[in-house]
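A, B, C and D are the chain letters, set down in written order, and residue numbers restart from 1 in every chain.
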Amino acid sequence: MSDPRIITVRPGPGEYAWTFGGAPPVARIKPGTVLDLYTEDCFAGRVRSEKDLVSEVCDFPFLNPQTGPFYVEGAEVGDTVAVHFVSIEPARDWAASTTVPFFGALTSTHATATLQPPLPEVVWMWQLDLERRTCLFAARDSDVTVELPLDPMHGTVGVAPANLEVRSALVPDAHGGNMDTPEMRAGVTCYLGVNVEGALLSLGDGHARQGEGETCGVAVECAMNSVVIVELLKGVSTPWPRLESDGYIMSTGSARPLEDAFRIAQLDLVQWLARDYGLSQLDAYQLVTQGVESPLANVCDTNYTALAKFRKGWLPAGDPHRGLHQQLRETAARL
Amino acid sequence: MSDPRIITVRPGPGEYAWTFGGAPPVARIKPGTVLDLYTEDCFAGRVRSEKDLVSEVCDFPFLNPQTGPFYVEGAEVGDTVAVHFVSIEPARDWAASTTVPFFGALTSTHATATLQPPLPEVVWMWQLDLERRTCLFAARDSDVTVELPLDPMHGTVGVAPANLEVRSALVPDAHGGNMDTPEMRAGVTCYLGVNVEGALLSLGDGHARQGEGETCGVAVECAMNSVVIVELLKGVSTPWPRLESDGYIMSTGSARPLEDAFRIAQLDLVQWLARDYGLSQLDAYQLVTQGVESPLANVCDTNYTALAKFRKGWLPAGDPHRGLHQQLRETAARL
Amino acid sequence: MSDPRIITVRPGPGEYAWTFGGAPPVARIKPGTVLDLYTEDCFAGRVRSEKDLVSEVCDFPFLNPQTGPFYVEGAEVGDTVAVHFVSIEPARDWAASTTVPFFGALTSTHATATLQPPLPEVVWMWQLDLERRTCLFAARDSDVTVELPLDPMHGTVGVAPANLEVRSALVPDAHGGNMDTPEMRAGVTCYLGVNVEGALLSLGDGHARQGEGETCGVAVECAMNSVVIVELLKGVSTPWPRLESDGYIMSTGSARPLEDAFRIAQLDLVQWLARDYGLSQLDAYQLVTQGVESPLANVCDTNYTALAKFRKGWLPAGDPHRGLHQQLRETAARL
Amino acid sequence: MSDPRIITVRPGPGEYAWTFGGAPPVARIKPGTVLDLYTEDCFAGRVRSEKDLVSEVCDFPFLNPQTGPFYVEGAEVGDTVAVHFVSIEPARDWAASTTVPFFGALTSTHATATLQPPLPEVVWMWQLDLERRTCLFAARDSDVTVELPLDPMHGTVGVAPANLEVRSALVPDAHGGNMDTPEMRAGVTCYLGVNVEGALLSLGDGHARQGEGETCGVAVECAMNSVVIVELLKGVSTPWPRLESDGYIMSTGSARPLEDAFRIAQLDLVQWLARDYGLSQLDAYQLVTQGVESPLANVCDTNYTALAKFRKGWLPAGDPHRGLHQQLRETAARL
C-alpha cells in the first residue's frame, strides 16, 4: 500500500512562485507529508546554450522560480518546519552557468557601485553524467576540460518572511530563501522558523554543484527532481535556518557585511549548544571557537550567507530538535 | 653525517620579535636551510592557570612573540620565500585559551565600538595528550568535558611588510603575519612574497587546534617545537600568501570587511589558475566558482583572513611554483 | 476658489500602512495634487511618557505607520514621482525618543550579533516649543537640559518596491522608505523612481529633529501635519531616491556595509552630473570629488543611508528634472 | 620682539618622512613652539602637468611626504599633543588631482578586488587664485569650467603609532595620519594621543580643497606654507584624534568597514560629552543622536575616516581640554 501522503508537484508554466510570502499556496499539506517535486532552474529554463545570455533571454524579475508554496497545516508563528531532503536528482543531463553583468563577487555590482564597465557576459554549458556522478566543465577560451563530482543541492529553500514582508526568491535572510549553501544536499534536514500561519514553504534553484561562496554568482544551474519530507516542530522557535546531517549540526546567517553573516551563524551555534547541550554561553563560545567549521555559502546575493558547522561526534550529550533528523532519515529509508 | 644546514633556535627571554619588519635578524640563512625552532605561545607563556587573566598578566604590546626574523640570503623584492612545515609539535602538555575584553567576533571591540560593557574575562586550560593526539576541553561552568583531535598549526608566519612599514605580530596582511588559519599545519608549504632584502621571515603563535574563524579571538594556544625548511623562488612574485598541501592549492586574503578578504583570496586563486594552468581569467573564474572551498581563518584580528582552496585532483595540468612543494616533501621525508 | 485637488487625509486607527507595497491605496490622485496629511509617529503614538518602553507598549511588527499609499494616476514603471514638501509641522507639543534593545549604532544588534546583553531601555520625552522653534532635551540621569532648534522632517517616504517585493516600513532601499535623512524637510523635493503602476506613494515617521546617522536608532519622534505636492515626471527614470532643495541637488544610497551606501550615492551623483550637466563621467567624478558634501542619514536601519550633496551654485549650466523643483516652489508659495 | 620659539622648516629633497614612526626627528621642540612649515604635495611634487601620470612619475612607496617628525619635549605615553593650525596657504598657484589605477571609492581596488580593468588614469590641473580665494576646475573632455572656493587643509597630520608599529603616511588610524578631512583647516586645533616618548609629530598632504569622502581618492593636491602651534596636555589621554574649532568639537574614527569608523567617532563623542560635560553615557548618547553632524572625511584610504561633530552652542556647560583651543586662538592672533 502506497503512503497516501506522497504529493507530486510538477508545475507548469505560470505555476511557479517568484517570492517568499505573497504567493498563494499550491497545496495544503499535513506534517509528515512526502513531496515529490520538480524544480526549474534559476533561469526558468531559458539558458539552454552558450548563446542564451541572461540579459537577453530572461524576463526580469521572473528569476529563480520556486515550487510551492506549501501550507503546512498546524504551523503557527513560533513553530519550526523541518524539511528533510530524501533525494535531489538532476532532471536533465546538462546544466548552465554564466556571468551576469554587475552581479557576482569579483565584479562591481549595483550595491558595490563603481564607474567600471561590467565583465563580459559568458555562458558555460555543463554536461552531467548521472551514472558516473560527474559534471564536465569545458573552457570557453581553450580546449581545457575538467570533470568535477556531481553534488546536487538546492540553493533556495524557505518560508514566508516575518514583518509582513514579501521577498524576492533571490534573497536569503532569516526566512531562508536563496542561501546557496552546498550543504543543502540529500540526507540533510533544514529547520526553518515559522513566521506566518501555514509557514508557506517553497524551494527551487537546484545546483548540480557549486563551490563555497558561489564566486561568480551563478552555480551549475539545473532543473531537479527532489523528494522531501516536511515535518512540524510545535513550540520550537528557530530564529535563523539550521541544518542537520548525520555528521553535523549547522547554523546559518545571512547579512552584509559578511562578518555579520558570520556573527549570526556563530552566535546561533553557541546558543544552540547552550540550549540543547548543557553548556553555559561562555563555555559554548569556547568550544565553538576551537571546533567549528565555517564554510561560506554565497558571497554574491542580496545578503551573504555563512555557515557554522559542528561535528556531532564532538558534541556533549544532547538531543537537538527532539531527535527529528534521525526519525526522518529512517522514514526516508523506508520510502 | 648530519646536514650542516640545520639551525636550531630556542629564544631566551628578550630574544623574540614582536613585529614584522623593524626587528634585526637573529640569523642569516641560505635557501634550503632547515630550521628547528621553539616558539612561545601568544601570551608569551604568561597564562598558565585559570587565574592568569590576559589583562593582568600580559605586558602590552608584548604579545604574540615571534621566533626570528631570519634573513634569507639572496631574497630580493619580487622573489618568493617558501616555508615548508615539516613538523609542528606542542612543547607542553597543556595549552590555554581565554576571552579578552573587547576582542573576538561575538563581542563589540575597539573597532566595532559600542556602549556595552565587555564580556567576562575567562580562561580555559586545555590538557593535551600527545600520544593519543587529543586535547581536552573542560567547561568552566559545568562538569562537561569534550575531547577534540590535536591539530597543531602556526597562527602566525610572515615576512617584513612592504611600504616601509612595521606591523605588530597581531596583524595579518599581504606580508602574512597573524593569519590564524588551521591550514598552516605540518606537511604544508607557505609561499610569501619578498618585500625587503633578506625577506626577514619569522613565525610563532602555535595552536594545538582552532576552529575556522577563531571565533572568540583566541585558539588553544601552545608553545611549539617546529621544524621548517626555507626555500627561495627567484623571480616569482606572490602578492598574497599562498599555501600548498599534497591535496590542495590555497590562496589567502586578509582585509576588512570580510567580503574583501574573500575577494582577495578568490581573485588570487583565479589568477593562479590563469597563470599556471592555462585557463583564461573568465574560464578560471567559472571553474573556481564551482570547485572552490572557502574556509575562514580568522574573523577577529585587525584584518580578517579568508582562504580559497582548490583540490589538486580537479586542476588542469600545470606546474605551480616549479614543483617546489613536492621537492620539499621529499626533503622533509629524508630528515 | 480653493484648489479642488487638495486632499486631506487623517487616518484613523487601522487605516495606516505598515509596508511599502502590499497595501491597497487609500486614494487615487492626479499629478499636481496637494496632500494635506497627518502622520503618526514611529511608535504608532504609544510612547507617551518615560514609562512607555517600546518593548512593552508597541505591537511588533506594527511600527512606523505610513499615511497612504496613494495611487498616482498615470505613473508607470520607468517614470518618476516627485514629492514636494510644502510644510512639515509637529502635531503635538511633545515628542519621544528611546533606546531599543539590540537596535542602534552603538550597540550590538540582531545582525551585528554578540553575546553581550543589550543596553538599558530608556525613554526621553522632548518638549517642543512651536513658537520659538525649539525642542528641549532633559537628561534622565542629571538635571542638565539643552535646547536644540526644531528642524522637522520625514524619516520615511517611498513607493512600492521593484522585484515583486513588499518591504517593512522600517527598511530603506532603492524605493525610498525609511531613509531617515534630516534633509527631508520643508522646501525640498524628493524624486522616487516608479516600480509599479500608480507608484503607491506613502510617508510617515516625522522627526522634530535628528542628528546625522540617527546614532541611537531613534530620532525626536513626533506626529506631523504635513502638506506635500505630488507630481509625475513621465519617461524620467530615477534608480535611487534623489532630493533637491533651493541650494542643493542630492543623491541617496541605502545599503550595507556603509561604504556601499556611500558608493551608490556618489555614483548616482556622478551620473546625474554627466546626464544633466554636460560632463563626461570622469570629469564629473573629479568635480564631485572636490565639491561634494557627504552627510550620513542613518547608520542604524536595515540598510544604512548616505547622501551625496552638490551645491547648485557650483554646478555647470544644466536643467535637472525639467525645472520641476522651481515650479513646485512657486506652486507651494501660492497655496 | 619676535618669539624665539618660532622654528622654520623647509625640507630639501631627501629630508621628508614617509611614515609615522620609524623616522628620526628633524627637531626637538618645546611645548608652545610655533612651526613655520613647508609641506610638499602627496605626489612629492612630481605631477606638474596633465602628462604626469602617477603610475609613471611617482616612485612608490615614496608618496605623501611628511614634514617632520618633531620630537615634543616632555611628551609621554598617555599625554596629548595639540596642534593648532594658524594658517595653511598654498605655496603655488596650481594644484593637481588624478585618478589612480585601482584606488578610489568608485573603482575596484586591491582590497575590493575584482576582475575588471582599472579606470583610465587622468590628471586634472587646477589653477588657484590666491587673491580671489578660488580654484578652477577645467574639464578634460569638454570646455566646461567651474570655480570652487579655496579651502586649504592638511590631509595628513599624526604622531608615531602605538604597538611598536611604523605606518605608511598613506594610512589613517588612531595615531592620526592620512585622515583626509576638510575640517583640518586654519583655525582648528587637532588633539593627538601620545604613543611614544616625544610624540614624533609630522604633517603634510596639503589640499587646496576636497569634498567629503575624497571620492576619487585624490584631492586638489598642493604644496603648502603652514604655521602651527604645538602644545602638550600632560595627563590627558586621547584614544582617537579629536578636533576643535571655534564652533565645534569633533571626534574622528578610522576603520573599515565605514560603519566601524562611524561607530568609533560617535562613541568617542559620546564619551567626550560624558567626561567633560556632566552627562551620563546614555544621556550623552541621546543628545548626540539628535544633535550630531556626521560628515565623512575619506572613503578611499587604507582605513576610511568619519567625523562626529557637535556644535559648541548646543553643549551643556563644560571645559574640554582645559580651554586650550581658546588660548591657542589668542596666541595665534598675536603672531
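Of note:
Basically, a contact is a pair of C-beta atoms (placed from the backbone, for glycine too) under 8 Å apart; a residue touches a chain by one contact, two chains touch by 3 or more.
Treat the numbers as computed from the prediction; the structure is a model and nothing was measured.
Distances between chain centres, each the mean of the C-alpha atoms, put B farthest from chain C.
C-beta contact counts were set side by side for B-D and B-C; B-D has more. Between the CA-based centres of chain B and chain C the separation comes to 48 Å, rounded to the whole angstrom.
Per-chain Cα centroids separate chain C from chain D by 33 Å. Computed centre separation for the pair chain B/chain D is 35 angstrom, with centres defined by C-alpha atoms.
Residue numbers of chain C whose C-beta contacts span two or more other chains: 106, 112-115, 119, 256-257, 263, 267, 270, 282, 285. Within the complex, the chain B residues that touch chain D are 18-19, 21-22, 61, 110-115, 162-168, 170, 253, 255-257, 260, 263-264, 267, 270, 281-282, 285.
On the side of chain A, the complex with chain B involves touching residues 97, 99, 105-106, 119-120, 122, 124, 135, 137, 139-142, 144, 146, 148, 209-220, 256-259, 262-263, 266-267, 270, 277-280, 282-283, 285-296, 299, 304, 306, 308, 314-316. Across the complex, chain D meets chain A through its residues 106-108, 112-119, 257.
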